[in-house]
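Please see the structure below; I have some questions.
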Amino acid sequence: MALIEYADAAPEVRAVFDDIKTTRGIADVNNFWKALAVHPPTLKRTWESLKQVMAPGAIDPLTKEMLYLAASAAAGCAYCTASHTAAARAKGMTEAMHGELLAVLGMAAETNRLAEALRVPIDQGL
Amino acid sequence: MALIEYADAAPEVRAVFDDIKTTRGIADVNNFWKALAVHPPTLKRTWESLKQVMAPGAIDPLTKEMLYLAASAAAGCAYCTASHTAAARAKGMTEAMHGELLAVLGMAAETNRLAEALRVPIDQGL
Amino acid sequence: MALIEYADAAPEVRAVFDDIKTTRGIADVNNFWKALAVHPPTLKRTWESLKQVMAPGAIDPLTKEMLYLAASAAAGCAYCTASHTAAARAKGMTEAMHGELLAVLGMAAETNRLAEALRVPIDQGL
Amino acid sequence: MALIEYADAAPEVRAVFDDIKTTRGIADVNNFWKALAVHPPTLKRTWESLKQVMAPGAIDPLTKEMLYLAASAAAGCAYCTASHTAAARAKGMTEAMHGELLAVLGMAAETNRLAEALRVPIDQGL
Amino acid sequence: MALIEYADAAPEVRAVFDDIKTTRGIADVNNFWKALAVHPPTLKRTWESLKQVMAPGAIDPLTKEMLYLAASAAAGCAYCTASHTAAARAKGMTEAMHGELLAVLGMAAETNRLAEALRVPIDQGL
Amino acid sequence: MALIEYADAAPEVRAVFDDIKTTRGIADVNNFWKALAVHPPTLKRTWESLKQVMAPGAIDPLTKEMLYLAASAAAGCAYCTASHTAAARAKGMTEAMHGELLAVLGMAAETNRLAEALRVPIDQGL
C-alpha cells in the first residue's frame, strides 16, 4: 500500500496536508492521509468534512473524539481504534476514562447481540 | 418472540425487574429485559453488569449513554439505537447534540471504511 | 421483494423446490428459497452447497444448526436468526440450551469487542 | 498496547489472574487478560461472567467453545478466532470437525448476505 | 423517527431538497433526506459529498450504483439495500445483472468469512 | 495457520489447485486456497462455486471483480481487500477507477450508518 509523502506530493495534495498540519499544530500528517492521497478529490473532501464535523459545537472536542473512538472500535477498525485512542488521550482522556469507555463498548456489544439474537421488538413510543 | 411480563414471571425474574424499576425510577422494564427473561441467569448477569458499567464514574452518565448509542448504531442494532437514543435524550442530549453525534457516526463510518480499504499501516508509536 | 411460489416457478426452480421439500420432509419451502428463485443458478448452487454442508458428518446435525444460528446472530441477520432458531428447536435445542447459546453469543460479542478495542496481540504459538 | 504481567500487577489483578490459572489449570494467562488488566473492574467482571457462561450446563463444554469460535469468526475478530480455535482443539475439536465448522461458517455468511440483500420477509409463525 | 417534509422545512433544508430534486429530476426527495434534515449541516454536507462522488467519472454511473449497492448490502443496511437496488434498476441494471450481483455478494461473504476464520496471511507482493 | 503447498497436497487437493492454475493461467495458487486445503470438500466446493459465479455473464469480469472488492472492503476483510484489489487491477481497474471506487465505498459507509442511526423507514413502493 503506497503512502505519499509531502516531498512527493502534487500541489493539491500538499495544500491539504498543509491545512491538516496547521489546523492540528502537528509536524506531519499521519498515515491515513498519506494513503488517501492516492485519490486527491477524496483526500480533500474527506479532510474538509472531518474538519467541519470535529469542530467545537454542542458537543465538546474530547467527547466527540471518544464517540469517534467508540464507533471505530465497534466497527472493528484497528487503524482507527489506534489513532483515535491516541487522539482522545491527547485531548484529555485519562486512563480511568479509557477503562470506562472500554467497559461501555463491551457491554454495548453484548446487549446489541442479545437484542438482535432475541429479535426484541422496539418499545412502544420509540 | 416471547416477552415475559411481570405478572407471569418467576420470582428470580421479578427480583431483577424490581431492581431495574427501582434503580431507574420507572414503572415497567422495557422489552429487552422481558425478552431476556427467557434465560434468568443471563437476565440477572446482564443487568448486574450493566448497572455496574453505567454507574457514574470518570465519565458522566450522559456521555456514557452517548457512547453506548454510538457503539450500538455503529453495530447496526436497530432496537439498541432506538432505546439508547431515547435514554440519551432523557439524560439531556439536545437536538443539536444528537445532530453532531450523527455527524461523528457518519464520518467515523466513512474513514473506518477508507482506512480498511486502503489497509493503512498503524502510525509508528501508536 | 418478490417471492416466487411453486405454481409460478420455472421448471428449473421447481426442481430445486422439490428437492428441498423431499430432503427436509416439508410441504413448502420457506421464503428464503422463494426469494432466491429470482436467480435460478444461485438458487440451485446455494441449495446444493447447503445440502452438502449440513449433511451429517464429524459434527452432529443439531450442533451444526446451532453453529449456523450462532454465526447468523453474530452477523446480525434477523431473517437467518429467526429461521435457524426454529430449525435448531426442531432438531432438539431445548429452552435451556437456547438460553446458554444466547449467553455464549453475548459473551463472545463482549470479549470480541474488548480484544479489538485493546488491539491484543495474538498469543505466541497460535 | 500495554500487557500487564503478573509480576507488575496490582493485588486485585493478581487475584483474577490466579483464579484464571487455577480454573483452567494453566501456568500463565493469555494476552487478552493481560491487556484487560488496564481496567481492573472490567477485568474482574469479564472473567467472572465468562467463567459462569462457559461452565458445563445444558450444552457441553466443547460445543460451547465451538459456538464461541463461530460467533467470534463471524464477527471477524482475529485474536478471538485464534484463541478460541486453540481452545476448541484443546477440548477435542478434531481436524474434521474444524473443517465442517468452517464450512458452516462460510455457508452461513453466504446465506446471511443473500437473505439481507433480498430483504426476505420472516416466515409466518416464526 | 421524524421525517421533515418540504412544507415544514427551514429555508436551508429546502435549498438542499430543491437541489436534490433538480439534480435527479424527481418530484420529491426520499425518506433518507427527510430524516437527515433533522441536522441541516449534516444534510447539506452529505448531499454535496454524494453528488460529487456519484458524478460521472472514470467509472460509469450504473457501475457506481451497483458498487454502492454491493457495499450497502455487505454492510447489512436494509434501507440502503432497498433504495440502491431501485436506483440501480432505474439506471439499467437488468434482472440478470441483479442475479449475478447477488451471486457475487454471496460468494464474497463466504470467502471473506473463510479467509478470516483461517487467518490467511496476505500473499507476498500485495 | 497451516498453508498446504502443492508438493505436500493430497490428490484431491492437487486436482483443485491444478484447475485453479489452468483456469487463471497462473503458476501457483494464492494463500487462500492453500489455507482452505485443510478441508478438501470445502476447498473443492468453494472453488467450483467461485468459478461459476465469476464466469463472464450479464456483468463483465472487471465489474464483477470490483463488486467483489467493494463487498470485501465493506465487510472489513483485509486479506480479501488485498487480493481483490490486485485482481481488479489485473483486469483493468486504473488508479482513477480505484480512487472512485474508494470514494463510493466511503460514501456508502457514511450513508449506511446514518440511515441506520436514524432508522429511516423504507420508501413506499420499494
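Order of writing sets the chain letters: A, B, C, D, E and F. Residues in each chain are counted from 1.
In this section, a residue touches a chain if its C-beta (ideal position, glycine included) is under 8 Å from a C-beta of that chain, and two chains touch if they have at least 3 such contacts.
In this text the structure is predicted, and so the values were computed from the model without any measurement.
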item: Each chain counted as touching chain A and chain D at once; value: B, C, E, F
item: Relative to chain D, chain with the most remote C-alpha centre; value: E
item: Whole-Å gap separating chain E and chain F, where each centre is the average of the chain's CA atoms; value: 21
item: Where chain D and chain F are represented by their mean Cα positions, the distance between them in whole Å; value: 27
item: Residue numbers of chain D (touch at least two other chains); value: 38, 41-42, 45-46, 49, 53, 73-78, 82, 99-100, 102-103, 105-112, 114, 116, 118-119
item: Parts of chain B lying in touch with chain D, wherever the complex brings them together; value: 41, 45, 49, 52-53
item: Footprint of chain F on chain A - complex, ascending; value: 38-39, 41-42, 45-46, 75-77
item: Touch list for chain C against partner chain B, complex; value: 76, 95, 98-100, 102-103, 106
item: Contact set on chain C toward chain D in their complex; value: 1, 3, 30-32, 35-36, 38, 42, 46, 49-50, 53-54, 57-59, 63-64, 66-68, 70-75, 77-80, 82-83, 85-86, 94, 96-97, 99-101, 103-112, 114-116, 118-123, 126
item: Complex contact set, residues of chain E against chain D; value: 73-74, 76, 78, 81-82, 102, 105-114, 116-119
